[in-house]
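In this document, chain identifiers A, B, C and D correspond to the written order of the chains, with residue numbering beginning at 1 in each.
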Amino acid sequence: MSNSFGSIFRITTFGESHGVGIGVIIDGCPAGVALAADEIQQALDRRRPGQSDLTTPRKEADQVEVLSGLFGGYTTGTPISLLIRNQDQASHDYSHIEHAYRPSHADYTYDQKYGRRDYRGGGRSSARETAARVAAGAVAAALLRTVGIRAQSYVSQVGAVAVPVGYEQLDLSLIDTNLVRCPHPETADRMAALIRQTRDRHDTVGGIVTGVALGVPVGLGEPVFDKLHAELGKAMLSINAVKGFEYGSGFAGTLLFGSEHNDAFYTDEAGLVRTRTNHSGGIQGGISNGQDIYFRVAFKPVATILQPQATINDQGEEIMLAGKGRHDPCVLPRAVPIVDAMTNLVLADMLLRARANKV
Amino acid sequence: MSNSFGSIFRITTFGESHGVGIGVIIDGCPAGVALAADEIQQALDRRRPGQSDLTTPRKEADQVEVLSGLFGGYTTGTPISLLIRNQDQASHDYSHIEHAYRPSHADYTYDQKYGRRDYRGGGRSSARETAARVAAGAVAAALLRTVGIRAQSYVSQVGAVAVPVGYEQLDLSLIDTNLVRCPHPETADRMAALIRQTRDRHDTVGGIVTGVALGVPVGLGEPVFDKLHAELGKAMLSINAVKGFEYGSGFAGTLLFGSEHNDAFYTDEAGLVRTRTNHSGGIQGGISNGQDIYFRVAFKPVATILQPQATINDQGEEIMLAGKGRHDPCVLPRAVPIVDAMTNLVLADMLLRARANKV
Amino acid sequence: MSNSFGSIFRITTFGESHGVGIGVIIDGCPAGVALAADEIQQALDRRRPGQSDLTTPRKEADQVEVLSGLFGGYTTGTPISLLIRNQDQASHDYSHIEHAYRPSHADYTYDQKYGRRDYRGGGRSSARETAARVAAGAVAAALLRTVGIRAQSYVSQVGAVAVPVGYEQLDLSLIDTNLVRCPHPETADRMAALIRQTRDRHDTVGGIVTGVALGVPVGLGEPVFDKLHAELGKAMLSINAVKGFEYGSGFAGTLLFGSEHNDAFYTDEAGLVRTRTNHSGGIQGGISNGQDIYFRVAFKPVATILQPQATINDQGEEIMLAGKGRHDPCVLPRAVPIVDAMTNLVLADMLLRARANKV
Amino acid sequence: MSNSFGSIFRITTFGESHGVGIGVIIDGCPAGVALAADEIQQALDRRRPGQSDLTTPRKEADQVEVLSGLFGGYTTGTPISLLIRNQDQASHDYSHIEHAYRPSHADYTYDQKYGRRDYRGGGRSSARETAARVAAGAVAAALLRTVGIRAQSYVSQVGAVAVPVGYEQLDLSLIDTNLVRCPHPETADRMAALIRQTRDRHDTVGGIVTGVALGVPVGLGEPVFDKLHAELGKAMLSINAVKGFEYGSGFAGTLLFGSEHNDAFYTDEAGLVRTRTNHSGGIQGGISNGQDIYFRVAFKPVATILQPQATINDQGEEIMLAGKGRHDPCVLPRAVPIVDAMTNLVLADMLLRARANKV
């Protein structure tokens, strides 16, 4: 297993979906960053289940306890440890999956790799683990705030329902004004309708989150292997259910010729270097160039569906299995704070790494 | 900078495009792997410039020298160091870019981040660095051969010309039978024609490489952060000109419902666990499940075009700049061995990491 | 800060002496290791304060809570998180050191490095942090038990009172039969008397712990930098109050000639390769050679003394300061489980690293 | 194997004593450090064999070639790669040790761990590997020079012949004025005589190098695991033949009471915080406190002696074996530049790590 992420600003998460709790240690955050425990809680509230009828009806308060690293409203430079106890896990029945391999879940691979697994709700492979990331992301956001960096992601597609314009034509302050977390209100309504229809059919639907990072100074990213977009890509791909990542022009950029794709430099009226287009997505040679950073993250439809499916048990025998319990018909709205968190974690690490390499 | 990749099977590359040479140290390869220096050379020959009229006419022999780590045809467990001296760099004139920032290159960001750069041909940001990766990938391939793992990638799209079928309907032994490295001969011809047209227009064109890994056993991948597809994604995104990565169903999977997307398990006649579809791309919960692994990597059109473009110099003044010299109109054919190398490097590392975690 | 130790079997500790609690995440322990929570508690009980009149009278139960990673009496391969809440910290008065720099403590350096510190009882620099290491060490010990490795350290010197013979002439099963943890009963009595005299004079005394590891197979250790003794040395030097480390012949070995120092190999009656002497301390070329591993760790006298001392405050003004509260006159007895824990952590990591490098 | 050292300023060495050559990649050195290739050569010249009649008569020029990372007299921020080709290895006869295990060498453990070894002169376990460290150390020294840090070690003991005073009573500018590298001329003469006597008896002798680092600012060191002295200890213990490390009062400090050992703070006339004694060795809580850093490193007598010794071959049969060839009767004089190099490497890394953790 590898439960750490980041090089200097480094997090390590722990915990199973149905054990005592989940949590995270953040090691490497500098001393002196202003941070209230309340900010961490607010980030968690954006991700917690039970927020609306579009997400799982499972209710968990996800109350965070700060175990170390904060003193008098500031980080102390020591490890920050955060604990979120599980609450809503006791009474459920997981006997139907104790010996069954749910299709497109991690049951089979965990059993094969580890020889045993905590089958209650997915154990370590559950998306519940991402709550720890969101908590850590709030600490990263506090560090980034000191230099004016701000991550803002939103739902840009659910199934085939997509926002018709790019991020730069949207008012990102509208992201949290609807249940879907899509800043294009008309599309948000259509997305919500699709999610409700899907839920009612006992099915699930996927989609795309667009990530945006504003205020990133020139110079973040560590070629040749830890290019900024390579770290962002790994961060996003490490989130449950993610199947793809592209930045700037992405896959669509393969259809352009070089003469169309290149971003011409110019100097603006304020004397700042800028580019006329931004197919580069704010990153050139793996290093931020001062323009907006944007990327897209593909989420598959959730694997747990409340319909019978053919599969096998741990004896290799074919069985029929239907999901039980309370699950998200669409993870996209709750994925937004997770994408924000991972963006913040990557940028915080890169910020500190850039500082380490100045004479 | 970060010039190392991998955790246990770990490589560190060095060298500039126009300095003395480039090379790599491979640390962590077990002792006793059969490996001839010739295998490394053959891998490099697939990547070297000047192979055909579809790539740069620049000729470099890319002759590898083994400095350490091999003895009597086997690895010794000590670091394997490989050096490729530069040969074709002396006589060229780079004065036109010494003070200019080429559009969509790393010139501007390197200057800002490091305060100085070796402007001759891109220095460290040049794709020439990938020769060191290819050399290291040959060592990884030798290790993987001992357990039957084999990486095979091919060009599946150039501009808008795409192979009409999936990898599983292709004969992958045809990959190296044409200049494009596309195992669908008819499409390969159309791709070659498009590349030649683009070259003659002094432009460049991008495309997609499809990566395939066969024979991967169940159990490779280290959740929750170092999921197999997350490491593959980072590896591919660290290659010059890559803009996107998707595995299995990828971005297209966002258009399916869960009931369509899930891969049903069954037991085949030989008693092996398999899935009826493979939207998972051979990876579930970040761990290989024994099915074929496949993914797609998007390459932008090369930024260097032999046409005048508007840009700025290092004083911020607007200038016109045209590329000079001998460049690839399309990197896709030469990207195939690089994708193979990075696939091998990821899998070799994951193989050793899996071994470390057995009781 | 760097609060992680180990490469594959990797721990990360957190917590301040007077905050909510301290704890540790163990990442990289294989699945399937038999381990009862009770074993962790027993290890902590050996280290906890208030065990006898030779140590601090401060009483802390040091009750461990397992937050994750164990299921049904076995490790699951997921991160093992352990939490020890602080109990005895509330009522004390630390105002006398809020602005004072205690001599030979970390107050001054922490203030200078981090710009702020939790002055209550040393914060992160307190030896209380080692409780987390001891808890983690119990997990490492459970892993090592599966291959027959056993760490056993003891107090070999307090002040000038030293055990007159080497470890191989002692009955190590006597270690825990006296308060000092010295398996030479007569010397243990003299050590205890010295500690009591020192305590009564409001002073402190240092000493030496001898570490022994039995049953270590040939082949642990990763040259050239992570030699087994180099990792052991770092591990021991990272313990509070440690000033020196030597293994095998150590500093005394510098007085021998090569012809006296070399360990002659022979084959014993059972066909095992052995050495007639063991100046090498069981390690040759940084790799265990199958003989007993032994080393010595020097602990300075505790810096907190209940006598007035000249020092400065955080304004640079000279002041007189006397320690308050309940402190150890000698840390050696409680250092024994810490040395054991660090030995186990190094060996567990090296065991897994060795497994990773087999073809 | 683990052939990398350092976290941000990170080196990876390669090469065998009798292969093509040895070398090092330095990754993480900031751009803009003034460094002439000649400085690297000078450092190597201090370590090379054949300098005097006190060391091995083997002559090797140890000519360094800079393969990358320097441009116009400055570091570029890209990896610095250095290669030293082997020269004097061709004609020797190693057949007598191909199947023999030399006492107190790494032959046996390497064979057991790796299953094969390059038996020519020790292969990777040869002290020749330290030439790569010395070359890298020169780069670290150039970085440290920018902030006024300077490492200076010297031979303080050979066999039982010891310098009678501490480093602070010596004129360190005398270190290189004699063949032994001991700045106490009278003692140096006695050391030289002892080495010559030992050589003439076909024996070897060990000793102690005292390391000193001057000009280290407050704040270097990363508790709780990567304490400055813990990293120095690991660095020194990773050098061939080292058996022990102590800093400040070291093992002798265990004989003092706390009231004698504590270093009283005061403010000097210039307003600087200082300590009246320096038993702390310039490090408190694992962090440099601005006072001089000093430590001692114990080297065993070289294992290769030109006398017959009992040992076994790789079939376990007992044989007699005598060293052949040209070896050092005492490594201490040549160990000085190695200790300096490792000191510089640790401090350079810690300097950059400290920079990464400022808000």
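One rule holds for everything that comes next: contacts are C-beta pairs under 8 Å (C-beta built on N, C-alpha and C of every residue); 3 or more make two chains touch, one makes a residue touch a chain.
Remember, predicted model here, so these are calculated numbers, not experimental data.
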item	value
Those chains which touch chain B and also touch chain A	C, D
Per Cα centroids, the chain farthest from chain A	D
Approximate Å spacing (C-alpha centroids) for the pair chain B, chain D	39
Rounded Å distance, chain C centre to chain D centre (Cα mean)	26
Inter-chain centre distance, chain A versus chain D - centres from mean C-alpha coordinates, in Å	46
Chain B residues counted as touching two or more neighbouring chains	1-4, 13, 28, 31-32, 77, 113, 124, 353, 357
In the complex with chain A, residue positions of chain C that touch it	1-4, 10, 12-16, 19-23, 25, 27-28, 31-32, 65-69, 71-72, 74, 76-81, 83, 113-118, 123-124
Residues of chain D defined as touching chain C within the complex	1-5, 7, 13, 101, 103-106, 108-110, 112-113, 124-125, 129, 157, 159-160, 198, 203-208, 218-219, 221-227, 229-231, 233-235, 237-238, 243-251, 253-267, 271, 273, 275, 279-281, 284-289, 296, 298-305, 307, 309-312, 316-318, 353-354, 357
Chain A residues within the chain D interface of the complex	8, 28, 30-33, 77, 143, 146, 352-353, 355-359
